[in-house]
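Comments concern the structure below.
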Amino acid sequence: MSTRLTYWGAAGYEVVSPTHRILLDPFLSQNPLAPVSPDDVEVPDLILVSHAAPDHYGDAAAIAKRTGAPVVCDTAVRAMLLDEGVSEDQVTATTWGIVVEIAGLRVRPVECHHWSNGRLSDGRQVVGNPIAFIVEVEPGVRIYHYGDTCIFDMRLIGELYRPTVGLLGCTVPKELLSWVSGPGLFVSGEMDADEAARAAEMLGLELAVACHYLTLDEEVERFLELVPKYDTTGRRAAVAPAVGETLVVEAGGKHSIEGGPG
Amino acid sequence: MSTRLTYWGAAGYEVVSPTHRILLDPFLSQNPLAPVSPDDVEVPDLILVSHAAPDHYGDAAAIAKRTGAPVVCDTAVRAMLLDEGVSEDQVTATTWGIVVEIAGLRVRPVECHHWSNGRLSDGRQVVGNPIAFIVEVEPGVRIYHYGDTCIFDMRLIGELYRPTVGLLGCTVPKELLSWVSGPGLFVSGEMDADEAARAAEMLGLELAVACHYLTLDEEVERFLELVPKYDTTGRRAAVAPAVGETLVVEAGGKHSIEGGPG
Amino acid sequence: MSTRLTYWGAAGYEVVSPTHRILLDPFLSQNPLAPVSPDDVEVPDLILVSHAAPDHYGDAAAIAKRTGAPVVCDTAVRAMLLDEGVSEDQVTATTWGIVVEIAGLRVRPVECHHWSNGRLSDGRQVVGNPIAFIVEVEPGVRIYHYGDTCIFDMRLIGELYRPTVGLLGCTVPKELLSWVSGPGLFVSGEMDADEAARAAEMLGLELAVACHYLTLDEEVERFLELVPKYDTTGRRAAVAPAVGETLVVEAGGKHSIEGGPG
């Protein structure tokens, strides 16, 4: 048994477990490297959206409308989805701690120290509570999606929910920096390589997966180097799939990367 | 000397100390098991509202208007109260850390890792900062109300403010789940039994009180079993009053439960 | 080499390093003790605003408009600045973790456990994510501005970013309490003296600077007494400049206070 995580870039993944197809932060139409069009995404069992930022919210509304798939998210994302015409029956808003049983899965929202700030079509601001997710997609494969959190003491999350595979932002997608208005330059993401490598240790991961880029950069390389430095288990691996590649994981930590379709 | 906490269900309590009557998250008119009508509640000295969710905000506006009692809350709840016609002179908004001296009491707001998201009569969203409260209601009886927080490292709160009696959500009121729109099912509250029992230890409580239900369920039973498991003091008790019952507490940890009026 | 921090009251400072002039939470026109008028402030290289509260946001808009200086802030402050006519090209919104390189400096936003709640000229609420800042203003002088946070476990921030000088709220400006509507009295700021002294230890500061007052009060005195109590390094100093005074700091912890212009 194995689970396949295809990286779509930024914080977007298509996760195909032995039983389910799950989309995480599906950022495609505005993604210059998107390996698939939102129109061609296969019908998922579930869509998880961590917060309202455009590189995470992405094409959640369009995919939800076309496929009818249920969405679990925060209240800001819910307001945006409904505003874009997604049916109220498809969207469940939750927050930290409230586990949602849906599509035969248990979705656990955990603390994400970030913000969730969106805008409706009439210009009104909507604000929610950003979410990091933990989902056991097959027995022994518990995926943690960081949802754009900054570093904080995650040891309790590691101890309580024992995620095995962590998708951890460790840089910032350079291709999207032109979206940021104003002077100056973002020189890191919400976590940098060192912070993300420490997060991997606090969470007690088996496999630390670099996240929040479109093309591999030096911070991603640094993440791969630093994960072992903070590893007290001696068994933690680190990987950084290119956009379009598929990470195949099994219970017990075995994993491999398969090339993209191209 | 003793203090009486009558459980109204969800996170609602009427606390009667030797000197004060305090309402916490007074959820009554929409509460199918409410032991009292908001019209019949005795005039309190103080109303504390943790956040804007309907099962916590409850009947705060109606009770405040009828009785003239002051309210301490966050900015979202304040906006909603004023919107419902409560006088500005009655409502003080505070946030984490800012102790409010009011009605002869010191109200300490502490971190609550949740959200506070409400709506005004014109449909506008208001967002605040949810609050957990600590109030010393008689010497040696320091009540902690969790305000719907999820689990986090609460040891600093325990060390600094030494609450003795903790009202801790450990499940989700099944009777209110129909309020949640969308697919899927909430299978836990913001804390489950295990998390709440760990919170009791981190806070260093003498008495851990189950909270966030209308009828006792298996999670509440599990909370009662788990509190001793995490207790490093050997002196922690756990109780779970039924709605309408009154928990009587004294300094030093002595406590009993008295039946409801029926 | 040395850096000069002139205290403007509340959480406001003008920081003049060997290379830069930086304004922090410039609260002047509504500040009864302001040592300078916003019209007379020298052109800064950078303005940092922690959150939308009036005693922190202060005169940021007027100074930014007059001087053209860039501002780094959260999204609520950004919306307010733009609403007041500051050019979009001048304002960069960031959040926890995302380091901004600007004006030759690296501005590191770290967690601030507070709220950021403002209002636009049309009455609409804007909500953001409050920021505490760390900036290395000269080699070995890393200034932490607390941004109105309450106490929390700041050890990770101390370990990762090793601030040397910390501007720490430890009381509440009595002169501004009339701004707070409603019954009761704020008897502490977001941190009290004890909490701020513990924060100094968790952050591993060389120099703990009292903040969030206009006139020195008993809480400030208590802060000066308590900083050594929690100091495990044996090398931590504590100071409390009067409004208008200038704190001069050097790498290695050497510091002095110079009188105000009057």
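Here are a few things to note about the model shown:
Note that the chains are named A, B and C in the order they appear, and that numbering of residues resets to 1 at the start of each chain.
Going forward, a contact is a pair of C-beta atoms (placed from the backbone, for glycine too) under 8 Å apart; a residue touches a chain by one contact, two chains touch by 3 or more.
Values in this document were obtained by computation on a predicted structure and should not be read as measured data.
Chain A and chain B carry the same sequence, and matching their CA atoms takes a turn of 120 degrees, rounded to a multiple of 5.
As for how the two copies chain B and chain C face one another, under half of their interface residue numbers coincide. Centroids built from CA atoms put chain C at 34 Å from chain B.
Residue positions 124-125, 127, 153 of chain B are each in touch with at least two other chains.
Residue ranges of chain A in contact with chain C, taken from their complex: 113-115, 117, 124-125, 127, 150-153, 172, 180-192, 194-195.
Chain A meets chain B in the complex at residues 70, 72, 74-75, 78-79, 88-103, 106-107, 110-111, 124-129, 153, 156, 160.
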